[in-house]
Each structure stands twice: as C-alpha cells, then as structure tokens.
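Chain IDs A, B, C and D follow the sequence of writing; residue 1 opens each chain.
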Amino acid sequence: MFYRENGQFKSSYREDQQLLGIRQDRWFIFALIAFAFLAVPYLASDYMFRAILIPFLIVSLAAIGLNLLVGYCGQISLGHAAFMSVGAYAAYNLVVHFPQLNFIVVLVLAGFISALIGTVFGLPSLQIKGLYLGVATLAAQFFIDWVFARVKWFTNYSPSGSVSTAQIDMLGWTVNTPVEKYLMVLAIVIVFALMAKNLVRGHIGRSWMAMRDMDVAAEVIGIRPVHAKLSAFAVSAFYAGVAGALWGFVHLGSWEPAAFSINFSLNLLFMIIIGGMGSILGSFIGAAFIVLLPITLNQVLPVMGRWVGMNFSTAFASHLEFMIFGALIIFFLVVEPLGLARLWSIGKEKLRLWPFPH
Amino acid sequence: MAAKKNGPIAALGAVLAAGLLAPLFTGSAPGFYIEVLLGGLMAGVLYSLVALGFVLIFKASGVFNFAQGAMVLFAALALARLAEWLPGWIGIPAGYPALALAFVLAAGIMVAVAWVIERVVLRPLVAQDPVALLMATLGVTFFLDGFGQTIWGSNIYAINLGISKDPTFILPSVFQGGILISKEDLVATVIATALVILLALFFQKTATGRALRAVADDHQAAQSIGIPLNRIWVIVWSVAGFVALVAGMVWGSKLGVQFSIAQLALKALPVVILGGFTSIPGAIVGGLIIGVGEKMSEVFLGPPLVKLWDLAGGGIENWFAYVLALLFLMVRPEGLFGEKHIDRV
Amino acid sequence: MSERDIGEVILDVRNISLSFGGVKALQNISFDVREHEVRAIIGPNGAGKSSMLNCINGVYHPQGGEIAFLGEVRSDMNTHHAAESGIGRTFQNLALFKGMSVIDNLMTGRNLKMKTGLLAQAFHLGPARAEEVRERKFVEHIIDFLEIQAYRKTPVGRLPYGLQKRVDLGRALAGEPRLLLLDEPMAGMNMEEKQDMCRFVLDINDEFGTTIVLIEHDMSVVMDISDRVVVLDYGSKIGDGTPDEVRSNPEVIKAYLGESH
Amino acid sequence: MNGMPPTTADTFPRLLAHHVLVRAERPAIREKDLGIWQTWNWRQVAGEVRALACGLATQGLKRGDHVAIIGANRPWVTWATAAAQSLGAIPVGLYQDATAAELVYVFQNAEIRHAIVEDQEQVDKVLEIKEQAGQIAHIFYGDPRGLRHYIQPELMALTRLKELGRDFDAANAGFIDAEVAKGKPGDAAAMFYTSGTTGNPKGVVHTYAALIDRARAGCELERLTDAEEVLAYLPPAWIGQNIFSYAQALVAGFCVNCPEAAGTVTVDMREIGPTYYFAPPRVYENLLTSVTIRMEDAGQVKRGMFKYFMGVAGRVGGRLLDGAPVSLTDRMLYAIGDLCTYGPLRNALGMSRVRVAYTAGEAIGPDLFRFYRSLGINLKQLYGSTETAVFVCVQPDGQVSADTVGPPLVGVELKIAENGELMIKSPGLLKEYYKNPGATAEVLTNDGWYHSGDAGFLDAQGHLRIIDRAKDVGQLANGAMFAPKYIENKLKFFPFIKEAVALGDRREMVCALINIEMEAVGNWAEKRGLSYSGYVDLAGQAAVFELIRDCVEKVNADLAQEEKLADSQIRRFLILHKELDADDGELTRTSKVRRGFVGEKFSTLVDALYGGKSEQYVKTQVKFEDGRTGEVSATLKIMDAKTFPASRKAA
C-alpha cells in the first residue's frame, strides 16, 4: 500500500545486494532508529529504561546470538545462558584485574573468551546432531554454572559468591544514568545486529544455512562441517558473551551464578521460536515479547482480578506466565514455525501487493 | 556419524571402574563405601524410573520428551493433593484407601494428559524434524509446570506410603557398625523392579506391546500393517505417564512433592544418553551408573577437589551426569545399548 | 557430437565393493570415465547406481577397491576433498537448501571460491563486498544458462519440481566441476522437461567441456545423449560400452525384460 | 537539457553524434541482463555503433545495401540499426517468428547479403534458406550459445565483428565519419515489411526525413525530454517500436530499456516504471482482466474499498486529468483513493510514472479507456500506420475521448474522399513500396496524397473518427453512409453483447443480429433471480430482450450525435438463438464476423427483420465441440428499438 517501487531498478550488484533494497523500507528503518536515539530518551521514564528497554535490548543481542546458531545453522543449544555468564564473569575479572581497560575493549574481550568456551562445547556438534547436541549443551550449562558457583577465583573470592561491578567508564564518558546506559546499549546492539545481518547474507551465513537445510548436500559442494558449525558456535557464543557482560554490568550491576540459569537459556530459546528462527528481526520481536509478557501479566492480572472479584497471587501470575509460554511455543511450532517475523514479512508482502491479495 | 571402534568406550569404562574402586584403596571404610554405593544405586533407581518414560516415548514416537520431568511433577502433585482432598470430598478414609483411589485417578489424569499431548502436539508436528519436536516438548514442560502448580498448588506436599523413615542396619556382622539403609529406598527399589517387569511383560506378551515394538522399529511399516499410529502414541504416552506417576510417587514420598522434582528429572537425559535412547535395559543400567557415579564423585572426588582448588563446596553431582554423558556422546553417540544407523543421501 | 574430442581417462573406478551390514550394494565394480565424455550408469531400481555415485564423491566409503581421480588414487574419497578436486554432483531426491532463494543456493554452490574471513564479512568490508559481487556475476551466468531468470529470488521451496531439478544442477555447476555426477536428472519429469534437461546436459558438456557421469533407470533417454554406458544390476556390472553395444548385450536385455519402460 | 536537437542533425547517425555532444554521460539504453540493468550511456552507445559500423564495412556492407536484422529487443539491435545507417545501408527488421518461406521472399526482394541475427535458432533458419535466397554472404549472431561447432564460413559473432571494426577504425580514422557525412535526409533510412492480407509482403521505404520529422512532431506535442524512460517490449521489426524506441529516443535523447526475457516483461516494467508507454488495446484489456480477476479473490473489505474508490475515480479521475473543474470534496476523496487504491494499482501495473500512454491499432472500448484514465494514467489514442510513419493524429492532453483519435498532428493534412476514404498528406509518408511501383501508385496520388484505406470523418471538434475499413463501408438506400463494423464495435463494447452483425447495405434501414455474452448476462440474470436452462432459453427471455434493447438504444443515442451516421441507427434487432462460431463458418479463425455469410445463413431471420414480423421460427445446423452435428430451433422475438433525431450541431 505504501510501496511505490516503479523506477527503483538496480543497475549494479552492489545496489541489488544492499540490505534494504526498497526505498520505503530504508525510510522506515532510519525513522525507527532516529526515533530510538532522539525521541525515546525524552519520552521514556527511568522505570521504562531499567525494567523494559535496557533488558529488552540486551536479551535481543543474546537472542540474535542464539538465532545465529539455532535458526541459521540448525544447531540447538539449551545452555546459552551459560555462555552469557562466561561473558559476564570474564568482563568482571577483566575489570578487576585491568581496571584501566576501556569498557568496549572489555566487552569485546569478554566476547572472545566466551566464543572460545562456546567453540569447545560446540565440538560435540561435529559428532552428534539435534537432540544429542541438546544434551551436550545442557552439560555446558550445568558445568559452567557449577564452575562459577564453586571456583572462588572467578568471583574474586567474594564471600557471598555474588559479584558487583564498578560504574562503567568509556573514554571518559561515565555511563551511569539510565538514559546513558540505554543509549550505549542501543548503539552497541544496533552495531552487532548489523554485523549479524552482514554475516548471514555472506558466504559464511550461507554455509550455516546450508548445514541447517541439507547437511549432506552442503558437504558434497565442499562446505566443511567443522568450519561451518564451529564458526556458528563461536560467533553465537561471542554474541552471548557480550550480551552477558552487558546484562551483568548494565542491567544487574551485581549478580550470582543463578542469574544465568537453565531457565534463562530456555527463555532465550523461546524468544527465537516465538520471534522467528533464522531472522534477526525475529530475535528482537521475540525478545520484546518475552520481556514484556511477565511485566504486563503482573500489571494486568490484579486489575482483571478486581473485575472478576478475586485476587490473583503473584505466584499465579508466574504460573500463568509459564503456561502461556508453553502454549505459545507449541502454537508457533505448529502454526507458524517461522514465528512472528514470518507474520511480519507476510504483512509486508501484502502491503507490496496491495490492493491485490496475492 | 557412528563411532567406528570401541577402543575409547573401553578406555572410558576402565576409567569409571577405576574411579569406582579407587576409594577402597585410599583407605575409606569399606562399610561407608558400600553405604555410598547403595545410596547411589537407590538414587539411580529413581533416575532409571524417569529415564524409562523417556525411552518408551522415544522408541514409539521418536520424540525426545523433555517434558518427562514435568510429567513426573504433575503426576506426583496430582497424587499428593488428591490423596489429601479425597477424604474431604467423598469421606473415603485417609491413608491407604485414599492413596489408592488417588493413584487410580492420577493414572486416569495422566492418560488424559497423554491424549491431549497427542492431539495438540504430536499429530500436528508428525514427521517434523526432531529438534522441533524437542522444542515442542519444552513447551509442554512449561505448560505442565505452570498448569500443575496452578491447579494443584505450589507448596511442598508429602506422599505418605506409610513406611517408617528410620534407617535400619544390615550385615552388622560383616562391617563393624553395619550398613545403614532406609526402608524407603528398599521399597522404592522393589516398586521400580516390579514396574520394569510389568513393562517387560506388557511389551513381550500383549498385542499392543508388540504393536508398539513394531512402531518403534519402523513407523511406515507399522502403519502399512494397519496399526493406527495415533492410538499407539496415546497408549505410549499414557504408559509413560503411568511410569511418571510411579516415579513421582516414589520420589514424592522420599523428598516431598515440590517443583525441584521437575529439575531433578533433567538428570534422566544423561541417563538415556548413557544407556541409549532406544533401550529399556539401557535406561536402567544407565540410571544406576549415573546414580552411583554421582554419589561416588560427590563423596570421594569432591573433598580432594575442593581442597585442591579451594572450591566453595562440592556439588559435583550437579554436572557429573552431564559431563559423563558428554564424554559418552563423543565416543559412542548411540549409547551403551542403542543401535547405530546410517543416513542415506 | 562427433567433433567433440574425448580426452584421457580422468576417473578410474577399480573393483569397488560396498555393503551395508551384510547387504551387498556393489560387488567389485570397475569402469573408467574419459575427459569430456558423457558417461551413463544405468540399471533397474536398486541396482546400486546411487551407491556408486556416493562412493565416487565420498559420501559412502567402499570396503573394497580404489578410485583414481586425475591420477590421485584413493581407497575412499572424502566429500570435501572430492568437491575441492573438482567433482560436482546433483541429487536424485532434490537436496536443495529449502530455506534459501535460487541465487543463494547457487551462491552456496560457489562457497569453495569464497575466502574472505569472518570479520571482513561482519563489517561487509571492501574485499567481502567485492567477492560477493564477483561470485554473483558468475552465478548470474549460470542462471542465464539454465534460463531461470524469472525465479532468481524465489525461495526454492516454492518452485515446481522440474525447476528445482534445474536449480540443483545449477548449484553443482556453480562449483565449476571438472567431473559432474548427475543422479537421475530426469526422474519424475514429463517428456518436455526431460528434453530440456537433455539439452542442458549436452550444452554443459559442450560449452564448459565438463565430463559428465549420469545415472538413469530409464534407458531410452540416456542412450541418445551418452557416449558410453555402464549397466548395473543387483550391485554388479553386466555391461559396458557404447549405447549400441549395450543395447545388443543379451544380459542387459535380460535385466531389462519385465522392467516396464 | 530538454531542447530538441538542431535541424542539422537530420539523420540518425548525426542525432547520435549530437547526443554524444550534449549528454554523453546520460543513460541511453539499458538491458536487464545477468540480474541487473546493465546501462550504456550515449558515449558508449556511439562507441558500440562505430565499432559495428566499421566491422560491417570490413565485411563489405555498402551504401544502399539492405541488412536483415532479426532479434528480440536487445541493445545490439539498436546498435546494428544505427551502424547500418552510418554506412548508408538500410536496416530491414524481420520478426523472429517469421517462417522460412517469408524470409526467402524478403531476402530475395531486398537482395540481402548481410544478416544480423539473435541466436542459434535464427542462424539455423537463415542457413536453411541460404540456397533459395541466393546471395546471403554474412550472418552475424549475438548469442554464441550452441554455435561453437558450426563451421559455415558465413558465420561470425558480433563480438568478433566489433573487434574487426575497432581495428579497422584504428587503421582508417575518419572513414566512418566520412560515411556518416555522406548521409542525406532524403536517403532511405529503413524498410518495414507489411504483411498484406493478400499476396506477398510489401517493403515500405522510409527516409530519414520522414521518420525524424514524425518522431520530432510526437516529441514536441508531448514535450518528451531526455528524462523519459521507455520499455522496449514490442517486436523491433514493427514500425511503431522503431518510432517509439529508436527514432524518438534519438530525437529526444531519452533512455530505452530492454526487458530480460519475454517471461519477465511485467516484472521488468514494474522495476523500470516507464514514463512513456505504448500498447495495443488488447494489452490494456488483458491487464484490466487480470486486475479484476485478482480483486475477485480479495477480502470483503478490500473489494468494497476498491469498488467504492473506483466509483469515485470514474466520476472524478478523468476530469482531473483533463483539468476540468472538480469539487473540493471530490478532490479529497480522490486523494484518499489515490493513496489506498489508484497509487498501489498504478504501481502494480508498473505505470506509476507514466506521463503519456498511447493506444492504437483498433477501436478501444470506452469503459476500458476510461478505467485507465480514471486511475490517473494519461492514456490517449493515436492514429497512423506503417506507411505514415505512425504519427498522423494524436489526442492532445485535455482533448481525449474514447471514440476519436484526435486532431491531425502538425504537418498533416487530411481530407475525406467521396467514397468516405481518409486521404492523408504528411511529411511522414512512405517514399515507396520497394521495387513495387504498381502498389506505390495505388496508394500514393501524384499530388502526394496517401490512400489510408480507412473510412472516417472529422467530427465537430475537428477530431478524426475512424469508423471502418473503407472497403467494408456501404450505403443505405437513401445514400447515407453505413459502417457496419463501427456499429458492431459500439454494440460489442457492452459486456452483455458478445457478437453483433449489423445489416443495412443498400437497404432502407439498419437491423442487427445479436449474440449475448452468456457469462455476463447469466450473472445479470442470476442477480435478478431469473432461472434459465441454457443459452437458447436465456436468449429468449423477455427481460434479456429489454436489457439488450437498452444497449441498442444507447448506441442509437450516440449514433444520433454524429450527423453522418445518424441514419445508421438500429431500427430493429433480434437475439440469435445460437452463438456465432468459427466451426459453423460464421466467424473467421481470427474470430471476426463473416457478415455476408451470416446474412445468407440466417436469410429467413433477415427477411423477418425487414419484413416487419414480430417473431420468426428458425432451425439451424450446429457443430458441437466433439464434431457431432445437431439442430437448434427456436422462435425468435424481433424488437423495434427507439431511435433519436439526428442532432445537427454546427461543425
């Protein structure tokens, strides 16, 4: 309906392969980003930043990472939160031992460390597929949980076992107000999302998808499973690591291993199932969904309770949350395996064909 | 995919065996050693019970049922609460009668659950790639957890099988001080064994059982000889539900019915990896290995480790099972008793 | 195609034997393939044709025998090495990358030629971009060659069977193979599609000088386009030679009697 | 940038040179190839043409020779044309689907020695006729695929030809410029073969002067600039294509876009979004049908919206285009409609950017015509033919209607011969039919008038109306003009009427036999709850008669508007009991009515019509699809239709 594509022809491969091929899409995205940077800081409340926006952005990053692995490369991981914790603790220790390091550097290093661990736990994927791999990653989850819980060195021998971070300082800019934190995270997430998009449209991304869609054929045309799978694990874990570091430093401030439990891993998985396997956009949508659902439930339920004249306990809210998640997972797997992102793209196609139905 | 030689697996076995026997030569009291061993076996029995449900479902529907743990929790909750409520509702005397009736009802409920799952999850997702099904069962897990706690409540409930919790000493003559074990564990073992035998009979002797095996061997074949796949699945999941109920009962009576059961049930995963996804004996043996391994590692490997790296406590049992399974996957993905398969282009 | 110059032997298969847990799929098969020729392997269903291909490009590992490709002798290939040394292949039951567009499928077939690293890719730096464009150009030539311009950006899943077969072929071509293995390229096609496919096979052989080994269970089609034919039956070779020789070979006739084609 | 080139640029090669001077870097031609729109600017085009020209020179192409060009719309077709013209040779476009036999005639007729063809298919065809066609010396091909093993000495790839050309050019600098300098406006620029209905095709010879003058006239009328984009999708051998995508491009200096393949034209059109567009009526018709069909599947809401806003457009759109006054509310409604319906629709049709769209060739239905205009697409009619270098009449903006073809274009004089035939005098007239003075004499009078062969007249506003082929036009008993096809077309524009046969030649009044459109009338009947068993039954229904009578009387109404045709109003009509069918010989294979045959076959009915009966029993043989023959019989009602007094407007 809003698309006017006549005259938007491509006279070079560069143009043809650019990210947002259609002018109207470019406008939309730029408007969105501009809004996020310029308008949101004035519109949103501190609560919004702390409870919604910042967590949303950070888990989006983690979800993107997981999506690269599960959605694009078809390798399941039930232990991604563990890789986040690796990132978080790596960042913590880096800051503890090298206080002078710039936060960005810390982030990246944390990412690399986590990528390393990720690769190690990705090794089984060369031997085993699907379900089996799921268990392997569970092993990662529990083992890493244990390591951080028990090995004092990682927590810098803090008696309680929980760690807390100093304020973030990059190149003189001390990031402490929610708005500042939001802007920093936003910038980082956008950059990483862009990188992810670039990866999946290049030959590396294609080799991942090839492994996902038809691994035998992929090998026959010369794709090395070792490279494809391990690179996917590494990159995915890198994203998780960075997200983990942000989660610890920006969102939590102080945390203990429980902060990155198996449930976190499962939630990440849900984000990409609901949001959309094999879609960067989907990772954002899914993240938004999973972040917002509990909050809305906690807001809405009491109200509804008052209407029907009974009061729902917070316990009930959390149980309901469980049920809804569960139901949604099944619903999407059955009805729309490609998640909300697919619905989005269908909607877009409809707009392009408007007024025709197909 | 399948590992070619059995060298590594032998090596792994050797290491395990060594690990098992090591304590004896590092001068820990044999009595204590045996206690730990038995304790491990008991825990293993429980794992096996859950793993059993796993294997059944995997054999019949090729589904890696992440929700088995949730089913255990759900069944246990149902049993516990019904046993508690029934007397109030229909004035049936509390204790065994109520428990018995509750057991029957709970079994019924699990059948219903199985039926729903087949309708809502399996049938639409039939012939989907296994990972999708795995995730679907994740969904089931969450739903069951939430649903169960919503209707049954989310506190800790007791299941009283009326077995005295006080420990008894056996073979005082052999080891000084004798060996301490709880009746409960013995009962649990008995029940588990009974259940296994029951299932064995079911699979060997009954027509349905044989049908199930046919399905497990080859879906198309099964269908082509006119076995309605959907009904088979309902049955299998019901059986799995029943197994879950038994497991829930035993565990509930031991630890009290609470959310952690669902988490504990995750242990069943490494068990089936060890035993092989398709082998019932595998589930049992695997369960025992894991059970023993955990306890042993916790008791005998933990302290030295803690000392060595100055850890904040042991807790090795949290990951031992998984890491063991992981090693296993590397050298023998099909597990101890599972069968290999080649994928064709 | 008389004026085509058939060259030296580039693939030599020597007494290959393969069995799956007791089932003998191939019993010491030997034959050779010369450069630039179109070589057919025919035989009734279950004669072991696909298994033969799978041995040649290393999907299966034969228990006995050896394979010499371009002089290199190996007891069993590995898929990646096969691809690198110039063996391309299509699949009987379409093994396309369902989630990707036609272009992406072909581009993936090009992966061996693409070397830029993770970081270059992630930041879409000059080299990565240049490479992407360069290979796209190459792939476009294949799209042109196979006349699938209209479907360039359609997800392969949505294409009709006949076209998917073409994309599969295109993906193999993208690797610029010296030896192209075609696994029942005409299976399940109507007469017209079959003729198109024949034309493409001949054109490929002609334009790029690609050596072609193709499998068919339908004799009629193969005979007119191949230079030499191997006939398999129940895992063993029962005939080898020019189409005419093979046609007149009594064993072959026997094997095909009852086979309704 | 959009000034017309100086008059000194009076041949196509010189026009090309001119654009290299003033807009060397602007795109001149694009081709969707290898997935993207490969673009050549004017400088590059000139280079290609130069290379080709020199190449052809090395291959012995001489001034005055004819060069056959057989190909789809590809840049090289344009270049080859210009190259041949640079040498003073005459390009002869031929249709790709031309049969070998047709080629033989043309090759002999034009003594063609050089052929430039697309691909293997065409090469084979030309080689096949080599023997009969005698003197073919050189065949150049664009696409080498499959030709590798051809050893015939005549063959050469265009790429090779260009190489030769470049070397030659380097060796003899100035040669080609000298050749271009020799060209004169009066020289033959191109030759177009018209497949006459009878006998052999005739080669229409056009001079540079003619083609350029007409192209220029068109450009000036529509103020075409070098910013236009056109899509070249019609056969290059057709003069229209040559005018719109070659002559006018070279005059105005705009960019010509070649689609990727026949199968992708619609997509490519959507991508390019041409600003200047030509299509014959049937193309517009097909587009409209596809639109309606696709809208059928749309949801309730969308369909409602579509219906409503098309209504608004019907009311307002045309007027807005013509700059007629429109109320503010209507303007706003139209704006909304434009956002959610017309805009997207134009986008889907690839016509968002169309400034000028032409149709010509046959009469276009008023509804069809109005549909496009109401969408805000400036669709206009023009009149012309191969012999007149297309541009004779064009509807200027603001003076557009469905049934005229507009006033004569600058430089054109029209007069109507006493037999009603349209005579044309224009700078764009053909020079001659090649080697066919007889035929030339038939159409060209000594004082330079051209017999169009069409019957028509200038209406009150001085717009030309084409009513029929002159030979089909007859006279009523009272001597008034009778143009059956014109009347039949008017009837057939109603969706309810499938076929119509108008009778009246040498009779005192006009009567009509009518075929109803089963589907349309069927739906109409169902909406009214009329039940019917089949065609015969439906055709017999009184209500249907009323329906058709309305149509007839509407036709009469606007016939009355045109004094010359006022007497041709339909007095009586009947609805035939069977559908006219080619199998029964009532239609030609190209489904045109065989008026005479029908008249005889249904003579009883005709007599009844003129005999003033009110009904008539009839029985007819029919062939069914499966070849069986059977009989239909029915008693047909015959009705009188209201007629109107001729309006005598002052002309």
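The rule is simple: a contact is a pair of C-beta atoms (placed from the backbone, for glycine too) under 8 Å apart; a residue touches a chain by one contact, two chains touch by 3 or more.
Here the structure is a predicted model, which means the values were calculated and not measured.
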Taking each chain's C-alpha mean as its centre, the one farthest from subunit D: B
Pair with more cross-chain C-beta pairs in contact, given A-B and C-D: A-B
Whole-Å gap separating subunit A and subunit B, where each centre is the average of the chain's CA atoms: 33
Euclidean distance of C-alpha centroids - subunit C vs subunit D, Å: 49
Whole-Å gap separating subunit B and subunit D, where each centre is the average of the chain's CA atoms: 80
Overlap residues in subunit B, where contacts from two or more other chains coincide: 345
Multi-chain contact sites of subunit A, meaning residues that touch two or more partners: 13, 16, 216, 220
Where subunit D touches two or more other chains at once, by residue number: 35
Residues on subunit A engaged by subunit D in the complex (per definition of touch): 1, 3-13, 15-16, 353-358
Subunit A residues within the subunit B interface of the complex: 74, 76, 123-124, 127-132, 134-136, 138-139, 141-143, 145-146, 149-152, 161, 216, 220, 262, 266, 269-270, 273, 315-316, 318-330, 333-334, 337
Subunit C - residues contacting subunit A, complex: 57, 59, 79-80, 82-84, 88-89, 91, 95-100, 104, 107-112, 114, 116, 118, 121-124, 128-129, 131-133, 135-137, 171-172, 174-175
Sites on subunit D touched by subunit C in the complex: 33-35, 145-146, 148-149, 260-261, 263-264, 267
Touching residues on subunit A, where the partner in the complex is subunit C: 13-14, 16-17, 195-196, 198-199, 202-207, 209-210, 212-214, 216-224, 231, 235, 278
